[in-house]
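Next up: the structures, one after another.
Each of the next two complexes has chain A plus one other chain: chain B in the first, chain C in the second.
The block that comes next holds the complex of A and B.
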């Protein structure tokens, strides 16, 4: 119980998927640090590689995908890319909690939540199963649910918001201090969404966690995350403190993303969709900047040279145009 | 458990009504088939020069009874008899009660078909799981291909093949009936041994013919479950492989129980070829015989037995689901 929020250092991570056209990268050369005790949000469109990145933290990229380069160094665990077999299994759940999207059925439909909790405990050699159940009830109660009732329920008897809280409980009940939430509020109504985000924030503070939130909804990140990382086409294009990035986005993609959000006040037409479509695994350019096809600041150099992430104050941006401005 | 009890009562009531309706329909359909064996026999005797009265007398002696009365009268008699499990008498079996004739034949159908079905189900689902898990490897391909091939070969071809190989070419197994008549029926080693020995080929035929279907159904069911989110979720929570395997197996086998229950319901009627090939005096042969001989009572009884077994199988399947699938069980729980 003396565990502390671990820091995570992702370095040069590349994940490739085997396709008929050869191995194509879904995540390419991503370096990202999750400081201990922080909440980091990763934003990106579908296919940007954010979920693949999240799975890499558990070394759980599903075939035909594989981590082809880089490392994911977690305090107290070491490089998870090097873990396999029983070591890896025991790290999952105990050190790293993973919370699925609410709309995904992350529970066995034939067993009650309580029985699955016991399965989880037995899988991790928990001797005090009563204590585990008590802890689960506490957590559920903390999130505003009737723990005893929920443990006695099957998945189909729970609403989306309840399932999501059960998912969070299962991720935390073994005392994991690194938590990955994949689209935690997608497919939930606005009020439930707000509730879940509040719970994420509070549980994070109370238990001293390091949290990674994956989402396509920049509003979610704005609400919970201390740090924001933006992914596009498998690349990390911009990252930094959430407030800074949202207040003055530098990468043209981040700007486009923020400009596309409709405001509650003012002209609805001010929201502008980003022209073009995000690349798929097969259409991501092999050379040069991945965003150039949709970029207003495109230059000749973008066609040939992949922009490197440059440090600008407390954030990094990977864009030639921004780099030029820097030198000018 | 009260929900299950309530369901059972509802099902039984509906089942009984269905059986009565089927009895009525089969009664009238059978009676409207042209031809009357008793009249035909009387006619034949008259043509041979017998006086009409004497001919009827002789026929009555031959069959042991004389059906008479209006169709409506016969119908009420039949239905009243049905309530006492009396299905009338079989004209081809010298007036023996149909119920007894059916039960005698049923044992030669039920035992081998049940054994064959259960055997193929067990082997098929285990192989199906392997075929699904190893679906990208040679073993998986091999299992899937064996399943497709066997599924495609008709039962009677398999039966003839097995009979030709193991009873004729290499005569190591009998194919001449259900049991050696040398042994006294009863619980003695000789009789039981002979039963088992004779059952090997027919049971193997049923099992081989059905096995392909099970392996293919189980494979596709397992592949579906493997793609379900909760399996990945269990992996990401660090669940033990053995526990995840149980999750997969229980979820994948669920849809197969419907097929199993229905095929057990059909087992009473669908064994004609195999009974013919291996000389088993079972229900399939009895049904064929009753149709060719215009034995109304026997025909109706056989139809009724087959229908009733399907209805019962459906009820069992449904109740079984309320026990094993919480989603079915709670359908009424929520409103209660």
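The block that comes next holds the complex of A and C.
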């Protein structure tokens, strides 16, 4: 059975968290399309809502959070927001693979990787468990590991980079064609990061996947993604083809973020930190543009009206100042 | 001034099955960080850079060689006698979330070391409050709003500034920053790096910066020295900009090649170097330590270990028999 890389259409997605101060949106009115066979990178700082958005793809936002509006339409699955119970459980793993931050606690420390693989197979009703193990070994071998050894290992016997590869293997072994990687290289050193990114790219091409990478590091997206989406304060502020966005960022936040990256070459003073700090759930403005507090192009209208995402060419930007400049 | 000569550190592991094993974390490292100067240690995880930083900060012992602070050797001193020397060197940890006591306000956090310092220097208790305000202003925080807060009420960047302020309470001569920006939001990282540079200029404290991200090492000062560490050995050492522009050791070249290229803004270097395999501590110690992973290894590399020295190939020190310049780092796109 060959499956096609599915397309994903997120439309007007809003996710709220219940707090003592009422329900506050972590993700607000986000629309994003993942074209079949593409790698999309979502970049954002802490509290930008990027991880919440990723979990919404699995309809796995945990209480006190809930998806309050919008839809996530995945080819072959339909709107996952409407799925529940057994249907949802089957979709996770079979159709959507999720790679959690590896260094954290995504593997069971008491079981070998192989046992966890068998658990995964059984819970999804895989009949040919030997086949599953063979597939897992192939995948690990493909990523430069000794499959047999890794399957017999406990989590603590593996290095950070190896665990990350185990995570990718577990996400792919059930033949999922939509893969979400949450901070795939955080806490890994540069050489390991470069290796993992190369593997992500290669596996993506070989197996025909639709991939979503969530990260705080623009460099990671620049290295692997075809498309780049920037999130800030729960809003998607800019999206477009990676190279275009990097070469000529339009939203003031994207511009500031790119300018804030320490670089190997060029003038040291050119790199500048963004003034202010990212908003948290409680401090995100309820009205107007979420970025205005830190924005150099702030206008009166930004205080009251939330800028709409406007599509121009292949780029979507949500900013009043950019829209005005365009009309002038 | 803090200097080290031939510093050796060996960790002993007790194996259940195979008996004891020894891991050489440092194999005779020399370093010198002048007063007010800057140095950066870079390398992969497990290369020994953090161990070296902890030895310098007095948090770890060493088994061989010598560490001297302002000319006083630490090797012969008893722990109690070392204490006043190591006060001059303060550590800033990677994770500001766990480095601060969550049940104490910032005021309480700063008060404890300050009252100790007041006692040591014979200052009155009234000096403490003023000094607390002063160190917070030094790190760019507003004392009026921050003093009464708890750590969870501050952002990551602000917390890291508090950690730096706390280090400053004891009048250090050197700050050891171990991956001090890797857990800070990207848009705020440069702010912390600029602060470290600023403290060097204003207070004359030296900064030792430990990181795996070479690019950040540039931002604490262009007069800094870069130490590239591999398996407990310095393999290349020299001014930051020289090494970044013209690395000659294949390991340094792999580290620099691994930095993501911002496609659209930059074009990749012409000859990126990728190590042949990943770091494996159990590889044999014979010959050049990097030989097994080196794409350019020759016969000689597997039997003989190169020493850190300067050759005609490059002005910086390097430990390689066949140093060669390669264009590995990304260049800005020509517009």
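Here is the rule we go by: the second predicted complex is superposed on the first by the 328 of 328 C-alpha atoms of A that agree within 3 Å, B and C clash if a C-alpha of one lies under 4 Å from a C-alpha of the other, contacts with A are read in each partner's own complex, and residues count from 1 in each chain.
Everything that follows uses one rule, which is that contacts are C-beta pairs under 8 Å (C-beta built on N, C-alpha and C of every residue); 3 or more make two chains touch, one makes a residue touch a chain.
Not measured: the values here are computed from a predicted model.
Looking at the shared chain after the overlay, A:107 reaches chain B, while chain C stays out of its contact range.
In the superposition on chain A, A:170 makes contact with chain B only, while chain C stays out of contact range.
Applying the stated contact rule after C-alpha superposition, one finds that A:123 touches chain B and leaves chain C untouched. In the superposition on chain A, A:61 contacts neither chain B nor chain C.
Of the two partner chains placed by superposition, only chain C is touched by A:245; chain B is not.
Contact with chain B, but none with chain C, is seen for A:91 once the two complexes are overlaid on the shared chain. More residues of chain A are in touch with C than with the other of chain B and chain C. Taken in their complex, chain C has these residues touching chain A: 44-45, 155-158, 185-191, 193-194, 212-216, 218-219, 222, 244, 254-265, 274-275, 278-279, 329-333. Residues of chain B touching chain A in their complex: 228-230, 232-240, 243, 247, 250-251, 254, 324-327, 330, 334. By the touch rule above, chain A contacts chain C in their complex via residues 45-46, 144, 159-161, 188-195, 197, 216-220, 222-223, 242-247, 256-258, 260-266, 268, 271-274, 277-278, 280. Looking at the complex, you find that chain A touches chain B at residues 58, 60, 62, 89-94, 98, 100, 104-112, 119-120, 122-124, 154, 156-157, 170-171.
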